[in-house]
Structure formats: C-alpha cells, structure tokens
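Each remark here refers to the structure printed beneath this line.
Chain IDs A, B and C follow the sequence of writing; residue 1 opens each chain.
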Amino acid sequence: MQITDLVIIGAGPAGMAAAATAANVGLHVILLDEQPRPGGQIYRDVDRVAPVRGEMLGKDYTDGLSLTAGLDHGNITHISGAVVWAIEEGIRVLYTADGRGGAIEAKRILIATGALERPMPLPGWTLPGVMTAGAAQILLKQSGVLSKNAVLVGSGPLLYLIASQMIRAGTSPLALVETQTQADLLRALPHLGGALRGWRYLLKGLTMLSEIRRAGVRRYTSATNILIEGETAAEDIRFTADGKTRHIPCDTVLLHHGVVPNTQAARSIDVAHHWDARQHCFVPNLDDWGGTNVETVHIAGDGAGIGGAKVAALAGRLAALKMAADLGAISTIERDDTAKPIRRSIAQELAVRPFLDKAFPPAIEATKPVDATIICRCEEITAGDIRRHAGIGCAGPNQAKAFSRAGMGPCQGRYCGLTVSNLLAEANSATMDETGYYRIRPPLKPVTLGELAEMGGSVNSATN
Amino acid sequence: MKTASSFLELEERRRLVPVWFEGGELQLPEGSNLAAAMLAAGVGTFRYTPVSGAPRAPFCMMGACFDCLVDVDGVTRQACMLEVTEGLRLSMPRKGRNVIDADN
Amino acid sequence: METDFAIIGGGVVGLSVAWGLLKRGKRVVVLDGGDGSFRASRGNFGLVWVQSKGIKQPRYAAWSQQSAAAWAGFADELSDATGHDMSLEQTGGYDLHFSGETLTKTVAQYEELKAKLDGNYPYDVLDRKALLTEEPEIGPKVVGAILHHQDGHVNPLKLLRSLADDVRRLGGRVLNEKTVTDVRKSDVFTISCADGSHVQADKVILSAGLGAMELGPKLGFKAPIRPQRGQVMITEKLPKIINRPSLIARQVDEGGVQIGATNEEVGLNDGVTQPGLSGLASEAVAAYPVLAKAQLVRSWGALRILSPDGLPIYQESPEMTGAFLVTCHSGITLAAAHARFLPDWLEGTNVAPNLEVFSEDRFVIS
C-alpha cells in the first residue's frame, strides 16, 4: 500500500491542473491515468503530437502543453496505464497497471474522470464504421488517422471542429447531418447576450462554419428518421431533411449530440447526483469547491458538469486549493484570495454555455429511440425491451437491469444508462430524479481474476 | 488480410513492426495506438459479440465502450488502450460464437 | 383496495406465493418496494440446491427435496405462460473439496442424513480422476467432490422477471414503490403505506425479506432474522468451461461464470470489498485455474435473510389470525414449494404440508 496526501484520478486538464497546484503548495500527489501519456481526451498525447500536427489541431489543443509541463514536479508521481477499479472508504484507491494490482491510501481523492459522449442509439449504431465524434478526434490527435468517407451526425460545435480539422487535413467529410432545428436556435437567442461575454467561442464557431461552407461540405439541419445501414459494416446513412428522404453512401458515421459527465467513479462511492435539465444529464451534487457528500472526495472537470477544458483546469485548481487548505498546507485566507480570480475566469468561460445548450439540444430520436433500436451495446437490449419491463413494474433502472440485462456488460452501463433512465421516466411518467440511475459497483473497469486473487483476501471476513 | 482501409493515415515516421491478428500478419507503426493502427491497416471487424454474433469495431477510442476487445495471450483487452509492440499476437476474443454454438 | 390476500414483499418469495394463490383463483395484491430496496432476489446465486441443507434438521432437507422435485413442472408452466425460458438445469451439483479430511467428514454427515431420509439422498463421491472426466478444467488443488444428483441451478433473474410478468397476467395487482408502515386488524386487515395509500385484505403474508425485521413485531411475530452479506461476482462471457454448478462457481446460461459467496456479519451493508472479492477470486482460480485470465465484469453484495438456525420460518401470527410470516434464505430453491404447496398451508386444507418444525416456537426469546 502506497501512502500519499492526494490521489488524483485522471490526467486531463482538471487532474493535471490540480496536481500542479497541490504540488506547488507542498502536497504529495499521485496522479493515476489510464493512458500511456498525460493529456486526457482533449489534450491526448499532446507532448508527442504537438510538434507533429499542432498546427492542424490548433491552439486549443497545443494549450495542453502548459498543463503537462506542470506535472514535472518532485511532489508528483504520475502512474500511467493505471486503471482504477475501486475506491474504498473514501480514502483507498485500487488500480491495476501492467497486469498487477496496486493500492494507494490518501488523505484526499480528486475524481477528474471527465466526460463521455452522450449515448446516441440510432438504428445501426452498433455497426463497425460507426463511431463517436470524440473517437474521430482521438484518432486524429493521437494517431493521425482520419476517415476518408465520413458523415457527421448529430448536433453541437464539436461536429464543426472535426469537420474543419478534416478539411484542413485534406479529407473533407461527405456531409453534416444535424438534428438541431431552427426552433432550437430561436430558443437559444435569449441567451445570446450571455454568450457574447464568451465571444471568442462564438467567433471560433462562425469561423469553422465558413470554413465548412467554403469547402463545399453539405449541411442538413432538422434531420430526422436517421438510419445507418449495412450488412457487416456501415455502408450508408438515410434520413429526412427539408421534407425529403436523403441517402448518402459512406464508410464511417460519426455520432455526437453533446457530452455528459462520466459519473461512474463518483457513483460507486455513493456521491449524490441530480438531474441537470439544462444539460440533459446527471451531475454530482457539489459545493463551490467541488466537494461532495463524501468528505474526503472532490470532483473537478467535466465529470462535475460540462464546462469544457478551460473550466476543467480552473476547477481542478479550485479543488486543489480547498484540499490543500483542509490539510493545512495553506491558510483559508490564501485559499480564498487565490480562488477569487479563478472563479471570475470560470464565470467568463461558462457564459457561452446556456446558449450552446439551447441551440444544440440532444436528438430526441436518440434519447427516446424506437422500440427496435439497440440501446445496450454490450447485451444487445432494445428500447422496446426496456419499455416492456416498465410495464411489469420497473420503476427504476436497477430493476430494469435485473429484468433485461441492460447495463450488465463490460461497459457497466456507460453507454446505456442515460437512455434506460430516459425510457423508464417516459414510460412511468416520472421525473429523471425519481427514476434514478444504475447503482455502480466495482469493478469500475474489468480486472482479471488472477490480478484480483493476487491482492489477497478472505471469503469469511467477519467485519469489513 | 484485408488491406483496403476506409481510413487515411497521415505521414508519421515510425518503424513498422509485424503484428498478428487472427493468424494474418499486419505491419503496424511501433508504439502507436493499437486500435487506431488496426483500423488504418484495414481491419474492419475486431470481434463478434457473444450475444448475437454481430460484428463490432472501435466505437469510442477512449476505453469506455468495450467494443474493440481483442484477445492477447488469452486475456480480453481493449485494443484502444494498448500500444503496438513487435510480434504482438492477437485474435478475436475466444468467447463469441462458440458460446452460442455450445448453447444451441 | 380490497383483496383476499395482501402480500408484503414482491421478491421471489412473495411472488411465488402470489402465483400459487392466483392459480387457485384467489385475489392477490402484492406490495413491492422501490428500485433501491435490499433485494436478495436480485443478488442471489441461483442454485436450486439440496445437498448440505438440513444436516441438523432432516425435515428441511426433505422440504428442499420436495421443492427441487417440483421445480421442473413449475418452470415449464411459467415458461409456457410467459414465453421465456428460465434456463433450469437439474443434472446434479458439486461440493468441491480441497482436502480429503473435509471430504470424508462431509460424507459422514451425508450418510447420517441419508439414513434419516429413508435412503433418499442420491449422491456420489468423485475422486480427482473421476471429477476430471466430468469437469476437465478442475485444478490440481481439488482432491475430489460430492456430486449430488438432486442439485441444479436456474437463472434467478429470469425467474423473478417471469413471476413479475405472470402474476400480473393472472390478475394479480402488484403495487411498486410501496413502503408498508403499519398493519392493523379489525374485521379485515388494513395495510397502510408511507404514501398514504391503504390496502384491505382478509389475509396478509409478510414476505418482505429483511423488511420483516421491523414489520414482523407489529404483526405479532418474533421475526428473529438478521442480514448476512454475501459478495458475489461474475466474469465476462466465456466458452463452456464448467458443466455442473458448485457452491464455488457456476456458469450461467449467458456464458459468464458466477462466483460466490462470502459470509459476513456486517449488518445492513450490501457493499463489496477488495478482500472479499480477492478471496472469492482465489478460491475460484484454485478450483478452475483457467479463470485466472477471465475478466471480472460485475460484483455485488447481497444480504441473506437468516434465522438463528438458518432454516425458513413459516408462522401464523398468534396475535393476528390470518397473518403469516414466510421468510427464508433459499427463496430460489424453495420457489416451487412456495408456489405449489404453501397455498395449502395458508388455507389450512387437508393436504397442507406439515411445517411445524419451521414455526417460531423453536426460538426462545431470552
């Protein structure tokens, strides 16, 4: 068992910023991350990639270099390739790395596990060739791999970013099939005032849109009846737009309609969550510093609610300050003084969010899919299965999981949880908070029985 | 082994090393992300599901969806969480269709 | 709302009894808990099991045997009604042994029980070699096993779902998300729920698992039950590697290997722990070494509902005639008995099973 002041789970912007902040005031930090190199998804592999493709990926990506540089500190131990599978008693983190189990006991834990793509169950979404837009980003950033014949589907600025990066790389997407409507934009307009405070983001969006237009990439909006077809892989996509049925042959379909907090680790230790109606996702109940109902555990970054990379780094610093003060490394006065400008920056960065949330809402046909659509990729359970189980008494997702197997596969419900809760809430005429979410248990990620056995234990512990 | 890939790989100077998948040899860039390298090399199907036998390939590329599972030395692992090493021997997970065959 | 029988608890025990009563034309209302209630029905190991039960009380062994024998017919009837198979397999099960000493001792106990059951206790002792021909993946540390031919297993979640489905189909009314706060009796029983709703019934069955700890005394029962935690885990789907179930591991119909279970006195805590899971993993890998490379995908803690001697309790309330306590920790094994035979006991017919040894009279409150 290793002992330290602070364990941080996740080396994305929140985790890296928190590590540097905590280390600078004297805390000993162990930073655990699944990837071989730091950066998270947004700055994936930035140290190695920035010199190779930094220009194409833009400043928003290369900005990550300043965060990775902050990890070069004597107080920080970065354990890469470390997969956290359990958190116990709010102070113990269990992980595997290189096929061996490890355990760390810490005074404080920061969960900085980021976001996941919002599940987008459309007919055909399990076919090879269908990926998340985030996956396309990761392929491009880390590996320099791009799809040659791709259609981008869904809603949100990430689609425009990917499209513009593909155009710059010389492989324009075939089309953008967007689900947001003119009515969504009208609903978003009252929030434009706030958004103008975050004018840099709006300007960036407009620049990308004109880049897409100049490249001659066709955009369809208000798309409905989206269907991905193919025998053993995606071959084409069908949809309705402007009252016409469209059909585009393609090799790759990239799905995106927003990202949602990855709440698996927090839920596994009973951190309370609530439904955020504006962001259409569950978020943890947090105080001003990212503190949870588990006293020793804080959460920062997109896992605390979607704010993007800049907000994540700022929130990581805030949480680190709070924990440093709790542990006596700094005074509360120093904590509060340092926090003030950080809070101002966060407010500035978040100004654009209400506009984006309204303008690019989740695609309804993917949050409430038709009966035949697979919603649990692992166990291949359909939306109809869940609706039928609501009819035999499933008020919440845990009974539905027992009845249907949805959420029982290796992904632990990461890509079906929100859909199952949505379907049950609709079928039972209940709110999302009444319906709830899967109870998440270890292992957060699969661990082999061999690794587990080597950690030592007993089947008859009288107390524990 | 299928070589026509629907993916384009931007020039990166890395040494190509042999990796075996389902008995066929692939030449993949050493140290690169395994799932990405397999896609770029034209691998279309990574596995067949143990439930229905449906083909699957990488979906999330960030270790969350478990669709890119491959068998490495008898252990099911996520290809998107591995790096290419010389001589790596991969197969589709041993589960899958044989479970269904055994049951029916 | 009025009914013949109100059943408090919509797990496998309550639904099995409800199903049996509905088949006899009774009107039944089931009051079930919420999505997050403690539910042994969702967390159990899925064995339909005879061996090792009732070593000290042959009547329990016989009751388990009677249920195991009725299981196939019960499963067929449920499957025909719902269109869902429950993956029942009753081709025997193992008690695996890592030492000759424990094996010999267990055989001696079984022989004693067998004599009390008039010889109806069909089992074979398999040495390592014989076991290997049945279970090729068995590990070198296993010296032998007892193969009991009346043992088997079922998919307990499919059982729960089929009961939930068919009870409704048969006209049973199942009320979800109910917390029963009080039960009173005048001419009829009035059951009050936390949400302000009431149910009136001629008879009441308390089959609320651990909920009976609190509700039991209100109905005049001793209900001396306690939770005992069992941690259980399951692997990714694997090709067939285990033929028959054992108390250590069984391969479920979907392909995963389920491994269980710890025995822990930790109160109402249904969590899992690294030492618990590691202990289970060690035992499973010792039994089937091939499992060392299998990925664990899920684990959970479930709370057994244990009486002081581990046997079921079937008791009519001495204070409120018409109120019955039905509780056990083997709701899966006993599901067929609860569906087929318990209704006779509840109605006091002349073919009612003799369940005297399972009454609360056996517990002296000190």
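In this text, a contact is a pair of C-beta atoms (placed from the backbone, for glycine too) under 8 Å apart; a residue touches a chain by one contact, two chains touch by 3 or more.
Being a predicted model, the structure only gives us computed values, none of them experimental.
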Nearest-to-centre chain - CA centroid comparison: A
Pair of chains ranked first by number of touching C-beta pairs: A-C
Rounded Å distance, chain A centre to chain B centre (Cα mean): 24
Centre distance in Å when chain A and chain C are each reduced to the mean of their C-alpha atoms: 40
Intercentroid distance (Cα basis), chain C paired with chain B, Å: 42
Residues of chain A whose C-beta touches two or more other chains: 409-410, 446, 448
In chain B, residues with contacts to at least two other chains: 51, 75-76
Sequence positions of chain C contacting 2 or more other chains: 236, 254, 293, 295
Partner chain B, residues of chain A touching it in the complex: 34-36, 41, 52-53, 83, 116-117, 126-132, 134-135, 138-139, 142-149, 169, 171, 232-233, 251-252, 262, 377-380, 409-411, 414-415, 445-446, 448
Interfacial residue positions of chain C with respect to chain A in the complex: 10, 32, 34-36, 39, 42, 157, 160-161, 164-165, 168, 174, 176-177, 235-236, 254, 259, 261-266, 272-285, 291-300
Residues of chain B that touch chain C when the two form their complex: 50-51, 73-76, 94-95, 98-99, 102-103
Residue ranges of chain B in contact with chain A within the complex: 6-12, 32-33, 36-37, 39-40, 44-46, 49, 51-52, 54-67, 69, 75-76, 81, 83
Of chain A, residues touching chain C in the complex: 86, 88, 94, 103, 389, 392-399, 402-403, 405, 408-410, 412, 436, 439, 441-443, 446-450, 452-464
